[in-house]
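By letter and in written order, the chains are A, B, C and D; residue numbering begins at 1 in each of them.
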Amino acid sequence: MIIVMKRGASAQEIESVCQRLQKEGFSIHMSEGVEKTIIGAVGDKSRVVISNLEGLDGVEKIVPVLQPYKLAGRDFRQEDTVIRIGDVEIGGGQIQVFSGPCAVESWEQLLEAALAVKKAGARILRGGAFKPRSSPYAFQGLEEQGLKLLARAREETGLLIVTEVMDPRSIDLIAEYSDILQVGARNMQNFHLLRELSKINKPILLKRGLSATIEEWLMAAEYIMSGGNYDVILCERGIRTFETATRNTLDLSAIPVIKSLSHLPIIVDPSHGCGKWQLVRPMSMAALAAGADGLMIEVHPNPAEALCDGPQSLKPHKFVSLMDELRGVAGLMGRTI
Amino acid sequence: MIIVMKRGASAQEIESVCQRLQKEGFSIHMSEGVEKTIIGAVGDKSRVVISNLEGLDGVEKIVPVLQPYKLAGRDFRQEDTVIRIGDVEIGGGQIQVFSGPCAVESWEQLLEAALAVKKAGARILRGGAFKPRSSPYAFQGLEEQGLKLLARAREETGLLIVTEVMDPRSIDLIAEYSDILQVGARNMQNFHLLRELSKINKPILLKRGLSATIEEWLMAAEYIMSGGNYDVILCERGIRTFETATRNTLDLSAIPVIKSLSHLPIIVDPSHGCGKWQLVRPMSMAALAAGADGLMIEVHPNPAEALCDGPQSLKPHKFVSLMDELRGVAGLMGRTI
Amino acid sequence: MIIVMKRGASAQEIESVCQRLQKEGFSIHMSEGVEKTIIGAVGDKSRVVISNLEGLDGVEKIVPVLQPYKLAGRDFRQEDTVIRIGDVEIGGGQIQVFSGPCAVESWEQLLEAALAVKKAGARILRGGAFKPRSSPYAFQGLEEQGLKLLARAREETGLLIVTEVMDPRSIDLIAEYSDILQVGARNMQNFHLLRELSKINKPILLKRGLSATIEEWLMAAEYIMSGGNYDVILCERGIRTFETATRNTLDLSAIPVIKSLSHLPIIVDPSHGCGKWQLVRPMSMAALAAGADGLMIEVHPNPAEALCDGPQSLKPHKFVSLMDELRGVAGLMGRTI
Amino acid sequence: MIIVMKRGASAQEIESVCQRLQKEGFSIHMSEGVEKTIIGAVGDKSRVVISNLEGLDGVEKIVPVLQPYKLAGRDFRQEDTVIRIGDVEIGGGQIQVFSGPCAVESWEQLLEAALAVKKAGARILRGGAFKPRSSPYAFQGLEEQGLKLLARAREETGLLIVTEVMDPRSIDLIAEYSDILQVGARNMQNFHLLRELSKINKPILLKRGLSATIEEWLMAAEYIMSGGNYDVILCERGIRTFETATRNTLDLSAIPVIKSLSHLPIIVDPSHGCGKWQLVRPMSMAALAAGADGLMIEVHPNPAEALCDGPQSLKPHKFVSLMDELRGVAGLMGRTI
């Protein structure tokens, strides 16, 4: 950690900062500049409490040197993490497409979507049973009944199931039915939920918060990993910016940034990222070309009748042709779908 | 609701949109422009499902006309909501200052802060027992032990207590000790938490999410109110922007905007909003001048030793003199502290 | 245009709005809802003055129906615009890569970069002679001397030249040496500059402003086109967001959005968009996969000695291998480089 | 400046960074941590070229220690800058309100506004003769004719005149008529314009760019000051964020931040900052309470007929009563209007 002292900080102020640092177990390296004094503090402490040093007289700013995450970082693990569920690999040579309706509405709707997903060659079925909705008056999901339909769809199609968990109290219930548990963007920093998920032995799909920095996102993954669950899949789903032409701004540069900082797999959700089905195709192509390990794409047999996010859902036939195009990009990247 | 059709939408496309609207129970008003046709749909439906109309052929965009919130809006209630706890009023003529340490660390620390708060003339003591921390390795709060200390501080000082709830499972425990329950920025859209809080009979302090629009914020209040708990206090605590000179950007224009849209009281937290104690004084003055009903200010007997948010905490003597200045602004606004 | 009246707007307020609209030459379509009255106004007026209607008593909001741009929109021209300079096509089947150093520093530096660009198969050489720098103490460019070096590099290599114009007073000078004139992000809304550029007969490369919406960007293109210069090339170069892991956030979804709204060609600048050379390769691949018509990539023979933007510049050999990879993506998109 | 080396950087990489630094004239202070090596480089160089060190092998990041601005900073000048024009002081004990119509439309309109401004007790008349408009089809201002009307209004009322300059070619013309020259938000980084303005001897009102950081804003002031014109007045006018309830988000925390970093006066423009006249009153009160040296407020005799920004303009009688309220806040701050 580096402490930059204010121009004109007194010798006494500098001294008391050093004493405080030594008290905290740091060794000190002074660097007196023409205008300002810099103190290098060597040791391994949580940056958080240390931030208090900013309150000390004469201190201008604190510059952390070490990343706050350990387990999620490349320093901890050099090679990419590959998560295996049966013969399905996430983070390896195989691109995985997580696909299905935003919300499970009925057996007919789910089955039709699942068969389309299967036919197109995807291996993982997505569908919401518990839905986070900005309005208390909007459809909130079929809850356990929805989970049962997802399990039934798995039996019929052999697809793996991913569904969202919003509440620590429903983790056991959802884990009973689902192969992968999804944490939505609004819950990325729901720390009690993350801590409970760190105790289960199923992979967690962790969506990036609407205004989460990449560092905060990796710290959320750290919560899950620090409890013993190392199977975390990151999902970029768009960040909130001033631009209103799209629902969110899909930050594809997050893919190579994550690949350099972390060993965890990362997928992209262009459906939520853009909010319009017309943008799903080009942004899916772009995500794979940028190095994503997979995609999450909403497919609905009848978007105009969907109870949730219809405008961003692909019709089954469009999804099938998109998968064909994606195979081309995957091949170019030396991967398969 | 208004449906704007694309330039060159076919008569058949327009017709099928109208049929769909009528099927949904809307009455139709057509407006054929030189270049585009506009369909006015009169009825009262959730805008959410209707958004699917955007998926219909020929539709360019949907423009909702009614606000999505009902109970939180001025239309529902013209006069300001005033929340009373004993002789303490929130939203009335009396400005309320919620003050105390970010986290409860020890009896000595809490008592010293509480006495300073009391001496300065504030009526409500804040202190975190369960702390949302971006790092799993940072101090997470004293939990129930912290709640007990808060209750003891109430006995000693007569101050009301406000503390944060992060988890639906701990609502009963916290409600047992606290007079007001706080929902933090990261949980503003933790809908299961909001729904549980709608069932208790204590006021809820609802902080604005880091990237929540004012409409989303009011919809979060609507979740709490729709379950029967009308005592919601809104708290502006800064939004996330590109500016890094401050921890967040305090959006004071949210005060008059909320006052025009809603009848709920609104307070401002300049400590989290700015992240630096030096900015707390000017932004507190500004918040009251903009019409805020109160403030939430962090006070710590020894910020440099604080386990959380030291840099943004005021020392007791600074808080006392700030309160004196605030009385001047309150008086100017025809209010008291 | 649609005028949404406030709930409870009086008959007189509604009447006076209608009178004002009719005075402005609009025909009226009323739609009285349960709670609110909506007025559809048919006519073709600038949305700008009309915005004043928001000031009239009883008006809640104005919703424009027509896009503010005409010449830049798809409605004006269905097929894609293809700009031709000699045998170089921009916006057609051929992907164009604009490449070279951020700033022209010396003949040796420019020649080495130009030869690498040529060898790699690109056709357009970029290089700054007039540099917009956030510090008055930073290198401001070689000015006319830099232009002369660019022209000399064109003679040596046959590459086309693109360079930035910052000042209406230097348009003639730059147009004398350059094949394409670039408007930087900071000048996207320098309207006097845009108006002067609308009078010349060379293509304009218009970069998106750091916080410009796509609509504002197209309106800037409209400025250039409205004066008679239809050869505008749009360039996405990243927008400013809260994320600090990258210099800016490259908004690749702008590519399909622009393609749906406008007929103008769009290229992407991943060098400025990300600010790190390590991200240039994956984001270049992604940009082409998303449908971009070209790329602008910074190449410098010795980035560590560059006078400007070294960290985001590729070394020549890295650029050569990137071009090979880009050919693969271009082929997949049915295009060539 | 501090160079943070990557974990596992080789001794050779560290050595070559040190050699490069020494070559650039820096003296070196090494700090070898458990995981990373930090190099403190003492010397005074432009941070810009140095940023290239980020391109060197083994370097993780560069942390600048010194502020990039000199003349605009508190380090250069401890006491506040007070700008005097006749008996009008800006930045001193007297709060200045710059007021008038967005655009000069006619003599009648301007005179009526000017008389209201005068009557209310303000001393500076604002009015646009050259208007930056996002649409080429919108009213662009009366240009020189508008300047003549402003000068005539000054003769009639004795008010000082401030008007916007957009183009280096019109500086002389505008300086001939105006007492203060305004640089609009879109031109904050129009560096050639800033450089020309550094050569004149009239005060410059420098508006903050829509997405300019406070540091970039002070660097823009540095451009003007570095050429010899030290009379710069900063104007906060709202930044662009995700929130759409207001035209921009007025960043009042910029006031105390600027006061701590710089000696320059700062005023606030709540009209553009919020975009709605209803918000002008509360945000004007708040701006003064936060320590602003003045305000810029749009006043129009008939907002509904305004050719520009009608919705955010106050009617004369509302402005008069606002000024009375502002006197109360000014008094509380120990200042006068």
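Here is the rule we go by: contacts are C-beta pairs under 8 Å (C-beta built on N, C-alpha and C of every residue); 3 or more make two chains touch, one makes a residue touch a chain.
It should be emphasised that the depicted structure is a prediction, and the values quoted were computed from it without experimental measurement.
**Q** In how few steps can one go from chain B to chain D if every step must land on a touching chain?
**A** 1
**Q** Going by average Cα coordinates, which chain is farthest removed from chain A?
**A** Of all the other chains, the one whose centre lies farthest from chain A is D.
**Q** Give the pair among A-C, C-D or B-C whose set of contact pairs overlaps with that of B-D by over half, matching residues by number.
**A** A-C
**Q** More C-beta contacts across A-D or across A-B?
**A** Per the contact counts, A-B leads.
**Q** If you average the CA atoms of chain A and of chain D, how far apart do the two points sit, in angstrom?
**A** About 38 Å separates the centre of chain A from that of chain D.
**Q** From the mean C-alpha coordinate of chain A to that of chain C, what's the distance rounded to whole Å?
**A** 31
**Q** Express in whole angstrom the distance between the two chain centres, defined as the mean CA positions of chain A and chain B.
**A** Computed from C-alpha means, the inter-chain centre distance equals 26 Å.
**Q** Among all residues of chain D, which ones touch two or more of the remaining chains?
**A** If we look for residues of chain D contacting two or more partner chains, we find 211, 240-242, 244.
**Q** Once bound in the complex, which stretches of chain A touch chain C?
**A** Listed in rising order, the residues of chain A that touch chain C are 211, 213-215, 239, 241-246, 249-257, 260, 273-274, 278-279, 282-283, 285-291, 328-329, 332.
**Q** Which of the residues in chain A end up touching chain D in this complex?
**A** 2, 4, 7, 29-36, 38, 40, 42-44, 63, 65-66, 75, 240-242, 244
**Q** So in the complex, which bits of chain C are touching chain D?
**A** 20, 46-49, 51-56, 68, 132-139, 166-169, 186-187, 189-192, 195, 210-211, 216, 219, 222-223, 226-227, 240, 276-277, 303-308, 310-311, 313
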